[in-house]
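The following pair of complexes shares a single chain, chain A, combined with chain B in the former and chain C in the latter.
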Partner chain A sequence: MNKILLAILILAALPLWAADPDPASILKAVDANLTFSSSYSVTRMVINGRRSSRTVESVNYAQGEDKFFTEYTAPPRDKGTKMLKLGDKLWIYDPGTDRSVQISGNMLKQSVMGSDLSYEDFMEASKLQDDYSASLEGSASYDGRDCWVLLLTAKKTGLAYSSARIQVDKARNVILHEQLFAKSGKLLKTIRFGNVKKVGGRWYPHFVNFKDELKSGKGTEYYVDEIRFDLSIPAATFTKAMLKK
Partner chain B sequence: MIFKLALRNIIGNGWRSLINIGIIAAVLISLIWMEAMWYSWLVLAKTQQKQWEFASGMLRSKNYDPYDTFSWEKSYAPIPAEVLPHVESGDIVPILYAPSVIYPGGRQLSAMVKGIPAGQKVLELPSSGLAPSEDGPIPALIGKNMARTTKLGIGDVFTLRVKDSAGAFNAVDLQITDVMDSPVPSLDIGTVWVDLSALREARLLTDVATVLVLKEKSLQSVSAPQYELITEKEFFADLNEMVMTKAVGQSVLFLLMIFLAMLAIFDTQALAIFKRRKEIGMLSALGMTKGQITRMFTLEGALYMVFAAIASLVLGFPLFWYFATKGFALPGGVDFGVVGFDRPLKFVYPLPLILLTLVLMFILTAFVSWLPVRKIAALKTVDALKGGTNA
Partner chain C sequence: MLRFLFKGVFRDRHRYLFPLIIVATGVFIILFFQAFLRGYMGSFIRQTSGFETGHLKVVTRAYADLISQKPFDLGFLGVQEDLENWKQAHPQLDWAQRIHFGALLDVPDANGETREQGEIAGFAIDMFGSAEERQRMGLEKGLVSGKIPEQPGEILLSDQALKRLKLRLGDPVTLIGSDVYGSLSMAGFTVSGSVSFGVEALDRGAVIADISDIRAMLNMPGGASEILAFLKDGEYDSARVVAIRDSFNQRFSQAGDEFSPLMLTMGEQNELGLLISMMESVFGIMSFIFIFILGIVLWNAGLMNGIRRYGEFGVRLAVGESKRHLYATLILEAVIIGVVGSLIGVLLGVAGLWYFNIHGLDVSVFARTTTLMTEDIVYTELRLADALASLVPGVLATLLGAALAGRAIFSRQTSQLFKELET
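And now, the complex of A and B:
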């Protein structure tokens, strides 16, 4: 009798287990949302300091995972500053000195324009499914949305963060909350995504809050005012010659 | 006889002689003081750096370039098998450098974290308190300067973020167990010290180091192909150059002072020939040759230097003694961030250098004394006795 009861309970629970998707497929869907051949965006970065905040505006061009070009348009102090990423190399152009400097080594640890983002964070661009193996921890509600909670563990060396926990909007396959951990398990950064809108057939967050958890403060807010995907960008945009133009 | 006459003339000149001797003595006291200061600084700086940083030599990883920040992340090299027994016996101290970010009080600061064996006895760095405990934050040591910059004190806990050997971030909590008063600023400024094993664990490294500090000179010959030997000459090259540059800069002032002192001698001699023409004629009439008279006047000038040397030692003694015992402190507690100036600098007097200075000054004074009196050779005895001016 007991065995029959156990069998019924197991059979009843099966549909619930079957409802849990493969974590790898969730990552794949998230990557698909974030993968594009090229993009153009106009963004604002609000850097919250100890005493005051400042807003840095920029126009950005990206091609694939390896090419990225940004030109800061405001405030006047930063206007004309440009940043070019080609593969694992990063250059900054300062209009004040009319010189471009390659950022590498210890300099990559420094924050970008005093924000909670380091240059190293800018260098991270590969697909989640290539870098991490995922395990499903369960479901949770975040910002009123039903989410999957995934624990990501680095499956190759050389990644800045050895593990991460993400909450993925079940319906839209967009990460809404991300925690990045050190090797020791200490929480280093929390990234919150919001204002998710459909652009060109994909869901894309138009607000991001980066918070360095080891630092005090409110973190850095990132607003996407305009974004377009899969458009044609001249190859010359991603050359060092563009820095001085 | 020439000496006696010269001596009598100096005494007879009275106040004029005293002023000349006083001027030269003042210049000599200043010269000796300055020479002693540079020499003492150099000696103290080298002694302190040897005690705290260099010991009897250093092997530096070829991957580490102190002037290239890009090299610091991977600045280590494996410790060769031949060196490991010396490390275990404590005769070689391995130190591992790692560029890192620290978060004191919620602020973000770049720092160089250095791992040193807690039990090392080669360097005076107070590392004994760095031995890690089973659980809890990793003990850390900082210098006074770093404590001031980071506003950290004994007992404070903060987070250190460092990259492991594969490039992944690691973050660990550190607790300040000691704030050291290091005389070597490079061990203090921007530096956090932890136990070597704790840093290696955080970076997932084993048996690697950035530098190997040698207890004995004989260890300089140990085979470590991935390391380069830094000799005492190379290690102190920058310090020597800095002292030399500053000493040369300072010497301009002293050249000016010496010039003024020599001008006083020259003036006195020129005036003496003008005023003592009858005496020159008399001496000549009594049978002294022009050469003897010239020598007498030159000796007179040179004797000023001898008296000045004696006066400088007598008059300068209280000053020299004060700086030797109490030391010279930078005014207002100014800290140049340079080794050797963290506390009052007690003077050591370099005798050979001082003697050389006195000899050079004597030769210079003799030459300056001779310059105006060489005209005596052209003076006619009769004209001189008349007090003529054709000389």
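And now, the complex of A and C:
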């Protein structure tokens, strides 16, 4: 009798085990959504400061994980400021002084244009599965969507965050909520994704809210007004010469 | 009577020499330290108020919460109209607008690439419009090479930083920092001169620029991170600044607005109040210690003297002098020694302090290891009141010593006197 009951319980539980996918495969699917050979985007960043809110607009070009070029187009004070990322190096060009300076060391921890994003955040563009190992914590509903909850733990040293908890939309393989933690376990940043749209066969969030948990305020809202993937970008775009043009 | 006692004291070397040396030395020491500490405190207040705190300082309430971090992004923007109102309300004050900021100083090579880079502490002051500000910062006095900036776009750099970054006068540099909204901001400058403040914390790497240049760099139109106020007569006065602060805050500060102005006294900044009151009470503490220690030494000297004058006291009691009178003459003798010894101590002190008042005392060795802002050379500050005040512990110590030692007189038995004198 007991053996029969045990067999029934095992058989009943099998579908549940089968429903839990390998967390690594979830990460792989998330990465696949975010991986592209190149991209062009027009974005707005609404920075909610202690005094006031301001909007910074930019056009951005990316190629693979290592090359990134941004030119700020508004507000007037920031217009013409450019950022170039080549591998693990980052330069900023200031039109006022006509100088391009490499950002390194402690400056990488500084905020980008006063936002809740740091240059370090900006530098991290490699695939999640390369940097983190994942374990599945369960399911949850976020923003009306059924999500997987994954705990990510850094595989290597030197990453800005040693662990993260993400909620991944089960149907679209897009991260909708992300919490980033320090080595001590302290919550450093919370990122919320929204307005997920299909662009060129992939789901992509067009709204992101970055919240630096060490700062007061509402955080920084990031809007993607236009984005195109896998297009041809001249190689000269990702050169230092482009900064002064 | 007094003349008789005076002659008695000074005709007996054993009676006056040791107590006089002790009292004179003690008074000399107390006067010297008092004058030195007053000079040191004056230097500290002058330097600290001029460089950093003012006698009073107006900041935003949000800034005040994090004042030790000097968060210029929480400073005032467009504050000029308010400042005019404050000036009218407090005509007894001189005002100075400042911005403290941190930045990277980037030195480009011929191709515009970074050649050298170093962190600096930036001071933005009204360089062109206020001679007082240049004086408060000690710019003319501290100028090592080059000239004080005369036009926008010129900066002064601490001499140590100039050498460390291998810069020459006239070289272009770029300051890289964050503006008031947190955006990266850069501004190009030319090094017009180098300065040495004699304050290690600043000499390591300071940049002094005109406030209008830094307002433009940090996107702070009409702004200032701190507005310092100085009593027009130049002397810091704790009671006066507290009264001004209370009146200002009552009139201009609003508790619910984090960018509302808040006036702080020098003592309320960086826990300087404790330091100032400690320094102010040093004279009292030193006097107490002096009276206590010298009192014990002179008590002991009085006991020895009592043993030596045992016979004399016995005869005086035997011929009918009362114990009270004998005790009173001992006390009077002590007063004479105390007054004369203290006067000698004061004269020696004044003579010694005169030298340091003119030439000063080089404390640069200690200044290197302290975070307190003081000048390298501290000039002793001698006041008549201090000289007169130091007479008091000198006389009190001898009185205490004599009063304690003289108690032995009362234990002498008149009936035993002749017997004692026979032996």
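Following the convention adopted for this analysis, the second predicted complex is superposed on the first by the 245 of 245 C-alpha atoms of A that agree within 3 Å, B and C clash if a C-alpha of one lies under 4 Å from a C-alpha of the other, contacts with A are read in each partner's own complex, and residues count from 1 in each chain.
Following the convention adopted for this analysis, a residue touches a chain if its C-beta (ideal position, glycine included) is under 8 Å from a C-beta of that chain, and two chains touch if they have at least 3 such contacts.
Since this is a predicted model, take the numbers as computed values, not measurements.
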Fit-or-clash call for chain B and chain C when the two complexes are aligned on chain A: clash
Touching partner for A:232 - first (chain B), second (chain C), both, neither: neither
Touched partner set for A:217, first chain B, second chain C, both or neither: first
First, second, both or neither for A:78, with chain B first and chain C second: second
Partner chain in contact with A:47 - chain B first, chain C second, else both or neither: second
Partner chain(s) touched by A:141 [first = chain B, second = chain C, both, neither]: neither
Chain B versus chain C as contact partner of A:96, first or second or both or neither: second
First (chain B), second (chain C), both or neither touched by A:110: both
Superposed model, chain B segment overlapping chain C, candidates 42-50, 78-86, 168-176 or 204-212: 42-50
Chain C-contacting residues of chain A that also contact chain B: 107, 110-111
In the complex, chain A residues that touch chain B: 104-107, 109-111, 154, 157-162, 182-184, 186, 188, 212, 214-217
Chain A contact footprint on chain B (complex, rising order): 68-73, 99, 101, 103, 105-108, 110, 159, 161, 163-164, 166-172, 202, 204
Residue numbers on chain A that touch chain C, as the complex places them: 47, 49-51, 54, 56, 77-78, 81, 92, 94, 96-102, 107, 110-115
Chain A-facing residues of chain C, complex: 62, 73-74, 77, 104, 106, 108, 112, 114, 174, 176, 178-188, 219, 258-259
